[in-house]
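Across the two complexes that follow, chain A remains constant while its partner is chain B and subsequently chain C.
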Partner chain A sequence: MGFLQTVWTIARKDLVIEARSRELAYTTLFFAVSVVLVFSFSFVVEGVALTDAASGILWVAIAFSGTLALGRTFERERQADTLKALLLSPVERPAIYLGKLAGVLLLMLVVEAVVAPVVGLLFQAPIGRAPLLLVGLLMAGTLGFAAVGTLFAAMLIRAQSRDVLLPVLLYPITVPLVIAGVRGTAAILAVEPNLAVAQAWLSMLVFFDAVFVTLALWVFGPVMGE
Partner chain B sequence: MVGLDRAGTAPDLTPVAVDFHTVFVDDVSRHYGRRRALAHVTIQAVSGEVLGLFGPNGAGKSTLISVLSTLLKPSGGTVRYGTHTMEDMGDALRGHIGVLGHDLYLYGDLTARENLRFFGRLYGLDHLEDRVTDALQRARLDDRGDDRAGAFSRGLRQRLAFERALLHEPRLVLLDEPFTGLDDDSAQVLIGRLRKLRESGCIVVMATHDFDTAEAVVDRALCVDRGRVWTVADGAGTLRERYRRTLLEQG
Partner chain C sequence: MPSRSKLIPGLLAVAAVMFAAAPFLIDAAPYEASMGLIQRIFYYHVPSAIVMFLSAFVCGIASAVYMAKRSPGADATAVSAAELVVVFGLIVLVTGPIWARKAWGVWWQWDARLTSALVLWLIFVSYMMLRRFAGAGSEMLAAAVGVFGMANVPFVYWSVNVWRTIHPNTNVVKSLSPEMRLPFAWCAVAFLILYVALLLTRLRLERSQMALEAAYAEIED
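Now for the complex of A and B:
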C-alpha cells in the first residue's frame, strides 16, 4: 500500500467515525463559539470592539477548541487500544502520524470556517478584506498547531494525566505559532490594514510548519516504539 | 519443522522473502524503568506449533507478546524471525504477524465489516471483500456485518477481533487471553481454528489463564513468573497440575 494511500485510509476512517458520531464537531464547535461569545461581552463596548481583539480571540478559540479535538481524537484510539493496532500494521509510522494529523486538521478547519465569520459578526471585523491571506494564515497556523498536538496527544495516550499534560506541553511550544497567527490576522483586520506585514507573518508560519512537521515525522516512530 | 537460527548466525538480509518458520527469543530482557518485566528469556517456537504462556497476573506474559509483536523493543537480547530481525526487515515483517490483544483493537463506531475492511487496507490485502466476507462467516457474524462493533457483546467482539488478527494470514499469531468472554460453544470453535492454524504451519503463541480450554490445543506450555520462563514439565496430571508443580519447583 502506498504511503499517501495509507495516510488517506487512516484519515478517512477518522472522518467516517466523526461523521457518524459528530461528537467532536459538535463539542469543539460549541466550545469555540462559546469562547468567542463570552469574549464579545467583554471586548465589545457600545458596539465598538477593542483594537486587535478580534484576531486574538479568534486564535484563542482555535487553540482551545483544537486542544479539545486533539484529546478526544486520541481518546477514541485509546478506548480499545486501536493505536496499537495501527502500530502493529505493516505501514510506515510517519503515514500513521500524517493520517491522524489530516483527520484532526480537517476537523479544526471546519470549526474555523464557522468561528471566523462569528468573530467577524460579533467584533465587526472585516474578515472578507483579504480572504485568501486570512485563509492562508488560518490554515498554516492550524497545521502547525495540529502537527505538534498530534504528536503530543499520541505520546500521552497511555499517560493517566494526559488531559492535563496535553495543554501544558502543547501551549508553550505553539506560542510562536499563535503569536504569528494573531499578528498576521491583526494586520489584515486593522483599521489601516498592512497586507505586507500579514504576508511576512504567513511566511513565518510556513517556516514553523516545516520545522514542526519535519520534527514530528522524525520522532513519531521512535517515540511510539516505546 | 525447521531448525533454529541460533544467535551469532549472520542474518539473511535479502529483502525478497520476509516469511519465516521459526521464532527465536534469545536472552531477551525488558525493563520498565527500574521494574524488570522480562529477565533473560530464551524460547523458541516453530512452524506448526501452539505455544501456551501461563503465569500469574503481572508475570510478563503480555510483555513477552508485545516484544514478539515488535511493539516493544527488548532492553537486551534479540528476537529472530527465521533469519530476520525487526531491524533487518522493518515494517514489512509486521505483515506476517497477527495479534489479538486483550483490548481487541476494534473501532466501536465502525461496523464489523468496516473494521475488517480498514485493517485489510492497511495490510494491503488483495480480494479484500472476499476475505472480509469469509472472516465474517468464520466469526459467525455474517448476519451482523453491518452492525457497529461497539454494539456487540464481549464474546462477539472477541470473535471478530480474532478474525481481524488473522485476516492477512500471518505466520506468527500472538493471542493474549483469546478465550475471554467466549461461551463454551465459541471456545470450541476457537480451539478448532487454532488446530487449523497449526496444520497450516502457523506459529501460535497464546497467553491465557484458561488451562482447561487451552489444554486441548497447546503443544508446549511455558510457565512465566516474575519475568522468567520455564517449560511446564511433561508427566502425569492435567496441565493445571503440572503448571502448579513447575511453579513450586522454581520457587
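Now for the complex of A and C:
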C-alpha cells in the first residue's frame, strides 16, 4: 500500500466512524455555537459588536471546539486500544499521523463552515467580502492548529490528566497561529478592509504551517514509541 | 567527580562577588536623561531575558538530542534548563512592568515582544506541568514540547521587527553610552555565570535522583 493510500485509509476510517455516529460533528458544532453565544454577551454593546470582535470570537470558537474534537477523537482510539493496533500495523508512523490529522482537519473545517456564517449573521460581519482569502486564512490556521493538536493529543493518550494537559500545552504553542488568524480575519472584516494585510498574515500562516507540520512529522515517531 | 563538585561553588562565588559589585558599577554609570533611576532596572532585566532565551535553546536542543538518542543525560539537561527558563522568565516578567509603569504609564502593554515573552514563559510552565502531572513516560512527551518551545523562540525574537512595537529596539544595547556599557556587560556576565552554576547544580540533583531510583529498582529486583 502506498504512503498516500495509507493516509487516506486511516482518515477514511475516522470519517466513516464519524459519519455513522455523528457524535463529534453534532457536539463540537453545538459547542462552537454556544461559545459564540457566550462571547456575544461580552462583546456586543447596545446591539453593536465591538471593533474586531467577530474575528476574535470566530477564532476562539475554532480553538475551543477543535480542542474538544481532538480530545474525543483520541479518546475513541484509547477506549478500544485501537491506537496501539494502528501503531503495531506495518505502516510508517508519518502516514498514521497524517491520516489522523486529515480526519481532524476535515471535521474542524465542517464545523467552521457552519460557525463562520453564524458569526457573520450574529455580528453583522461581511464574511462574503473576500471569500477566497477568508477561506484561505481559515484553512491555513486550522491546518496549523490541527497539526500541533493531533501530535499532542496522540502523545497524551497514555498520560495521566490528559484532558487538562491538552489545552494547557496546545494554546501557548499555537498562539502565533491564533494571532495571525485573528489579525488576518479582522483585516478583511474591518469597516475599512485591508486585503494586503490579510494576505501578509495568510503567507505567515502558511509559513507557520510548514514549520509545525514538519516538526510534528519528525517528532511523532519517537513520541509514540518506536 | 571532584572537579565538578569544586566547579559549582567556584562559579557561585564568582557570581556572588559580581552581583555584590554590580550596584556600585551601575551607580557609577550616568543617569539616563528621561528615565532617571528606573532606567537602571535595565541592567537586570535584559541579562535575565538573554539567559531566559539561552535556556530555552538549551532545553530545545537537549530535547531534540533526547528524542534522537534517548540519552538520560540529555533529558536531565532539558528539564533543568526548562526550570531555569521559568525562573529567569519570572524575573523578566516582574522587572519589565516596573520599568514599563514609568516609561509607558501602564504596567502592561499588549506589545509584540511582551506578549511573545509571556507566551514563551507559558510554554515552559506548561512543560513543567506536563512533567509534573502526566505520570510515567512523560520525558518523551516533554521533549516534544521542548522542541516546539524552541521553534517558537525565533518567532518571539524577530516578532519585534515584523510587528509594530513600542518596546525598545534590539539595537538599544549597541546605542548605549560607553559608561553604561560596562555595568551592562558586567551584569550580563554575572547572570550567565549564575545560570551555568544553577544549571550544573540542577543537573547534579537530577543525576542523584536517577541514581537513587536505579538503586531502589535494584533492591526490589
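FYI, the second predicted complex is superposed on the first by the 225 of 226 C-alpha atoms of A that agree within 3 Å, B and C clash if a C-alpha of one lies under 4 Å from a C-alpha of the other, contacts with A are read in each partner's own complex, and residues count from 1 in each chain.
As a convention for this text, a residue touches a chain if its C-beta (ideal position, glycine included) is under 8 Å from a C-beta of that chain, and two chains touch if they have at least 3 such contacts.
Worth saying up front: this structure is predicted, and the values here are computed from it rather than measured.
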First, second, both or neither for A:Leu217, with chain B first and chain C second: neither
Contacts of A:Met108 with chain B and chain C, given as first, second, both or neither: neither
First, second, both or neither for A:Pro172, with chain B first and chain C second: second
Partner chain(s) touched by A:Ala159 [first = chain B, second = chain C, both, neither]: second
Which of chain B and chain C A:Leu88 touches, first, second, both or neither: first
Chain B versus chain C as contact partner of A:Ser21, first or second or both or neither: first
Contacts of A:Val35 with chain B and chain C, given as first, second, both or neither: neither
Touching partner for A:Val148 - first (chain B), second (chain C), both, neither: second
Contact residues of chain A, present in both the chain B and the chain C interface: 225
Contact footprint of chain A on chain C as seen in their complex: 67-68, 115, 119, 122-123, 126, 129-130, 133-135, 137-138, 140-141, 143-145, 147-149, 151-152, 155
Complex contact set, residues of chain A against chain B: 1, 5-6, 9-10, 13, 16-17, 20-21, 76, 79-82, 84-93, 225-226
Sites on chain B touched by chain A in the complex: 69-73, 91-95, 97, 99, 101-110, 114, 118-119, 121-124
Partner chain C, residues of chain A touching it in the complex: 148, 151-152, 155-156, 158-162, 164-165, 168-169, 172-173, 175-176, 208, 211-212, 215, 219, 222-223, 225
